[in-house]
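Quick one: the structure is below, questions incoming.
Chain nomenclature is as follows: A, B, C and D, assigned in order of appearance, with residue numbering initiated at 1 for each chain independently.
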Amino acid sequence: MTETIGPPSQAVAAPPARAGLLDLALKVRELAIGAVLVLMLLATQLYNSAFLSVQGIKDLLLNAAILVLVATGQAVVVITRNVDLSVGSVLGITAFAAGDFLQGGGNPVLAVVIAVALGSAFGLLNGLLVSLGQVPALVVTLGTLYIIRGIDAIWVGSREITASQLPHSFASFGHSGFWAIPWLGVLAALVLVVAAYYLRGYRSGRELYALGSSPEAARLAGVPVRKRLPAAYLLCGALAGLAGALYLARFGNVDSGTGSGYELTVVSAVVVGGVAFTGGSGSVYGAALGALLLTSINSVLPAVGVSSVWVLAIDGILLLLAITVDRLVALRVARVLRKRAAQTRSAHHG
Amino acid sequence: GGTTKKSTDAAGNAAAGSTASANPGAATRTGLTVAFLPKQVNNPYFTIADNGGKKALDALGEKYKEVGTSSGTDTAGQVSYVNTLTQQQVNAIAVSAQDPGALCTALKQAMSNGVKVVTYDSDTNPGCRQVFVSQASAEALGRSEVQLIAKQLNYTGDIAILSAAQTATNQNTWIGYMKDELKKPAYKNMKLVTVAYGNDDAQTSFQQTQGLLQQYPDLKGIISPTTVGIKAAAQYLSGSKYKGKVALTGLGTPNDMRAYVKDGTVAGFELWDPAKLGELAGYAATALASGQITGAQGQTFKAGDLGSFTVGADGVVLLGDPTVFDKSNIDQFDF
Amino acid sequence: MSHSEPDAVPMLALEGVSKSFGAVRALQDVSLRLFAGEAHALAGENGAGKSTLIKTLAGVHRPDAGRVLLDGQDVVFHGPADARDAGVAVIYQEPTLFPDLSVAENIFMGRQPRRSLGRVDHGAVRAATAELFQRLGVDLDPDQPARGLSIADQQLVEIAKALSFDARVLIMDEPTAALTGSEVARLFRVVRSLLARDAAVLFISHRLEEVFELCRRVTTLRDGRWIASEPVAGLTEDDLVRRMVGRDLDELYPKQDTEIGEVALSVRRLTREGVFTDISFDVRAGEIVGLAGLVGAGRSEVARAVFGVDRWDAGEVRVHGRPLTKGAPSVAMAAGVALVPEDRRAQGLVMEMSIERNIGLTGLKATSTAGLMNRRAERDRALDWAVRLQVKFARLADTVGTLSGGNQQKVVLAKWLATGPKVLIVDEPTRGIDVGTKAEVHRLLSSLAAQGVAVLMISSDLPEILGMADRVLVMHEGRITAEIPRAEATEESVMTAATGRERNAA
Amino acid sequence: MAEPVTADLTKAAAPNRPGLGGMVRWDTVVGALLIVLLLCSFSFVDNFGNALNLSFLIGNTLPIALIALPMTMLVVAGEIDLSVGSIAGLSGAVMGALWNHGMAIETIIPLCLVLGVVCGLVNGLLVTRLGLPSLAVTIGTMAAYRGIAQIVLGSDSVTDFPQQYLDFGSGRIAGTFIPYAAVPWAVLAIVAVLVLHATGVGRSLFAIGASEEAAYFVGIRVKRLRLAMFATTGLVSALTGVFWVLHYASARYDNATGLELSVIAAVLLGGIDFDGGRGTLGGAIAGVFLLGTLQNTMSLVNVSAQSQIVVTGVLLVVSVLGPRVGRRIVRARARHRTTSAPEPLPTATA
């Protein structure tokens, strides 16, 4: 700490030049997952030229859309160092609620609203339990996973919603689109961009990161924890609800088992996307890429003719590979960052 | 040395039917408790079947109850339900087994505690139950599905099978007969390219269908002998460019498939009547518990409106032939 | 409590405040008044209740009884946010940063400058941070993540954060504990400029000379009770210590003359790329070697590498002639090395565990027979050392997290001294420890040396180094720049080497 | 390495999730609940108390109880293993495949156990060497191991194991309700309790879970210990797989699917904190048998599967909320008595 520091103008002007070192590091990580994804798709295309046909691309996007939505919501919650395991159950029950409403001749738009509202309600419930009770999110949401699933099973019984009971416009929304771009994909992308922009560009969004990075520091910094946490869960629940409605449109078929076990897929997507369970880091784009990667693997394997017997094992191994690559890249980036920090430090001293 | 498969093979699995003799003339006892234990509760298919069973038992004046796991692959859960029913001393259990072997110990324990055991829809090893009520002969089903799709394809083109889980015993038996049927000269222009497994999960079946179509651009038809699989495949086809170009058939329920039959995605498919299957299981269980049959070959019992049935080899009772559903008749069915 | 206080209405005041944690009565009927333009010191032993008082002022704790007054009006702070909105900025004793966020975001969390539509102006955040750092003379990159900052750098970020508020009241709980003289001087300069703008300042430090340098008035606490509030002028250090401790102070640097024996710790050409280079030195049995340098010079890193916590890229470490494995603290421990780390909360203690178990962690083998723990032996060992170091605790089974900062530090010392080390490395051993106990710790180090222990002492407290060390090594930017024998060691000579203006050794 | 995170005040103030009044520990509460439930079931539920039912109850709970032992230790050390069910499945599948090949069962079982250790080591190496989060790794290996099991055994279902082994798996000690297999379990449980609560290794596990860094600074071999825990978990999972095959007399690739969730729910119920560093094995075991007994009792009194799910969920939520609410009530009462305190504090320190 010598007393020789450049004139103020210089010192102030310097930082923007090497703007967002941290940002850059994060982007590089997302690029790594993106690269794995692109490589995988291209390799498949080389093997099977039908893979990236218009229909093929559309299918890829359609498959990912629903998972992207739920993973986006989940990522927001995970960023706050919490988790919502009940998303699968929420998806199931909202899908049925929307279907039940449509079956009675309801308006499709209203059905989506109902699903989102119901999802939000469950999300809020989770959020309130976690933040007011100050109890571990893992336990609470595992509890609500069971509770919502049970309520769903009791309410639905052995009823099911089938495609024939849905309005044509609604069902066709689930698979149609513009050229290779399905409406579902557009919707998911829209939600994703808005969520990412919010997290990056708004104080309350940044506070979610703060909350996850260190809850205690957040409290001392005056972050309104009791407001932010339920809000994050609300968003997660709402997106699970939206996903439920879209699931109905896409698959046209809902029963009491819909969405069970989905939480694991969602959590995988989020983890693969580099959102750390220790909170405070990662981005929704990462989670979305993770979702895209996971669903693509499931399209790639059948497309290259891998027998379904092998699919599960390859799935798991690819998942491990993805997180390993991501980790190695992260380590690299950290090293580069440290070097650069060291350089700037000695530059200052010099 | 050690204990190997060879050294134990000699012991073998004791055969089914009990040695106690049956009394075909015995009166039907009333007030019996018969429990239905489907693969999965809340599964529409099993609900219909079990309601059929309830109908039969109500008609006979017996007590009906249904218990079961909410997951179709929770074998341990199903075992503990068998245990519970044994504890509760019900007179008979009608069970659709999630696993042919895993339930054996528990079912044998039940039988040794005086509980009669009927399996329906999915069988266990023959030694672990007294009667199996079979929906249709596996052979007839397998062959007729190939015949169905062959007609739709004019006996030419590549086909694939979309099955449920790889371990699903009944699926595998049917697929075996399908392959056998395809060997006949009439099908010389048809080729079975692959068997895919959708694990009876809508999304997986969906993506497997996509994969099939991408991998085999010349694919002309898909057989999916599982209600979940055919439904998912139909939903994918109806929303893709393959609609109407790739034929689809298999086992499905009319309610599930109505939309796809009407919009031309599916020309025809088949299924037995699950309600009748359950009904027959109910009658069989009562007959067992009343001592009218023991499960030995050749014994006969009455099953209300369904008529009279004879126990075949290995304690199997056959329901009859499946119904084929198409545009012309689908509106007459509601299940 | 009215020794010639100004007539003006105090900006922030406590009146008759009490606060208990279960059975522990941390504050009892304490009053305090802060006036505009005045720096007020808060003095007291470890565990006297200083931090608790500050947290009460800041709205972290709510008093069980008593009032908080802002500009003479009763206020109730429902949380830290309320206090912040009322213009109270606080630097807590333990840095509370968001490790995953950049330094700049840490400073402006929740208060980021905004553009249209309420969007955060990231550029402005960065620029404002750079300007703050410049005011404080800190050369940290605003975009650097907070994770990985040394304790001193963390403390500097906390200071920058507090300054960024332009608060009316600035409260600082031991902000200087991890800083060296030049940073402290910078901080004081900035604080004085705030005072000139009529801010009120509350300052805590166990370095009494700082209290005398900065503050006009001082309030003393003892065992949670208010003892006195008085002007600093006219007080001597001894007076203050007597108020705090209730007795006269022993000699602060009781350096014993010892017989210096064989080389116990020998470090040769140790290098860790980008951190330190070509470090060689010896520490002999019975010798206390001071390791001095500015914040970030790499002293802690050397200590960690020697102990095996970090790996090294080249070089060699020997203890009594036997080489140590790199990156294996267990090997170092087996060889009789102990390290009291600089960050007690993260490295020194398992905060959720009890005092007893924390001390026990260094003796898991010693206190078990045939693999099974002997709880009694573990307890006796812990009790012995907790008492010897005068740890203030209610029960040994209390979690260390509930102890005051200084008492936590004592527990860290206790757990390492309990191993009976042959080579003792202490990194800022008296950080946050009150003067009374500091003397006690120094006496302990001294007597350990007399018993033949080799001590390597890292400290940012230069008087401590000068008072205790037989020999002073000075580091600058990862290299040893000087080796100064006790006779020649002065503030001048050490600082010269530490700032790298002269290289006469290594 | 220095992390600017401070311990959460919430935690400091609430060690070990204290029960009512902060005096009763949660694991004691679970134990008491278990006893109350047992007493009620014995007196009011028909058929509960007979030897056959008790042996069913214990036999069906044993797989969960087995895996809960190492899982508790793993969680105490701050890690988690979701692949336990898959390892059990894989070990069962290999057992079936080798049996079909004509290998002697006395050779097969040790091989399966070794395989379990290998699976655990793979998990452990990925976590400790690459620094990947255990949640992500074991989600991956959960799929991979299950997939390999599918490849190994395919659609087979092997049932013809030697009778004396099957008898061991499902029989009980003559004249009692105790299944044979409960005896080795009890031995393992005692060993586990001793290791976790009465040895240096146990202390080290707690320290690692509460603060990895501080544990490393006292010379605890953090990585090695974690690796060992993963290996142990793999071993016990494989053992569970073998037991599963013998108990249900069926080796299939999908044996023990979803077992991980049951184990985790039970362990959570037993008061083990998934942030690591807290909990007791006694609590975990009580949690396992509480859930097992509850399910058994509910089935006996004809509570439907759907309602059972809801009850499990409610129990989980109450298990974390209950102590907190209780403590608040006690505190509020205490405050009421001393009166002098100002208004009840909604934002009290905890």
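A few notes on this one:
Just so it is clear, contacts are C-beta pairs under 8 Å (C-beta built on N, C-alpha and C of every residue); 3 or more make two chains touch, one makes a residue touch a chain.
None of these values were measured; they are calculated from a predicted model.
Of all chains, C has its CA centroid at the greatest distance from the CA centroid of chain B. Chain geometry summary: the mean Cα position of chain A and that of chain B are 39 Å apart. Between chain B and chain D, the centres computed from C-alpha atoms are 36 Å apart.
Work out the mean CA point of chain B and of chain C, and you get 73 Å between them.
Under the contact definition stated at the top, the residues of chain C that touch 2 or more other chains are 60, 79, 96-99, 148.
In chain B, the residues that reach two or more other chains under the touch definition are 41-42, 70-71, 166.
Residues of chain A found to touch two or more other chains are 153, 214, 216-217, 219, 309. Inter-chain contacts, as defined above, occur between A-B, A-C, A-D, B-D, C-D.
The touching residues of chain B, counted against chain A in their complex, run 40-44, 46-48, 70-71, 166, 194, 196-198, 202-204, 206-208, 210-212, 214-215, 217, 231-232, 234-235, 238-241, 255-256, 258-260, 262. Contacts from chain D toward chain B in the complex involve residues 46-47, 50, 52-53, 56, 60, 63, 99-107, 150, 154-166, 170, 244, 247-258, 295-296, 299-300, 302, 304-306, 309. Remark: chain C residues 60, 79-82, 84-85, 90, 92, 96-102, 105, 109-112, 114, 118-120, 122-123, 126-127, 129-131, 133-134, 137-139, 141-145, 148, 182-183, 186, 274, 294-296, 477, 499-500 touch chain A in the complex. Against chain A, in their complex, chain D makes its touches with residues 4-10, 126, 130-133, 135-137, 139-148, 150-151, 154, 261, 264-265, 268, 273-275, 304-317, 319-321, 324-325, 350. Within the complex formed with chain D, the residues of chain A that make contact are 129, 133-136, 138-140, 142-151, 153-154, 214-217, 219, 264, 267-268, 271-272, 276-278, 309-317, 319-320, 323-324, 327-328, 331.
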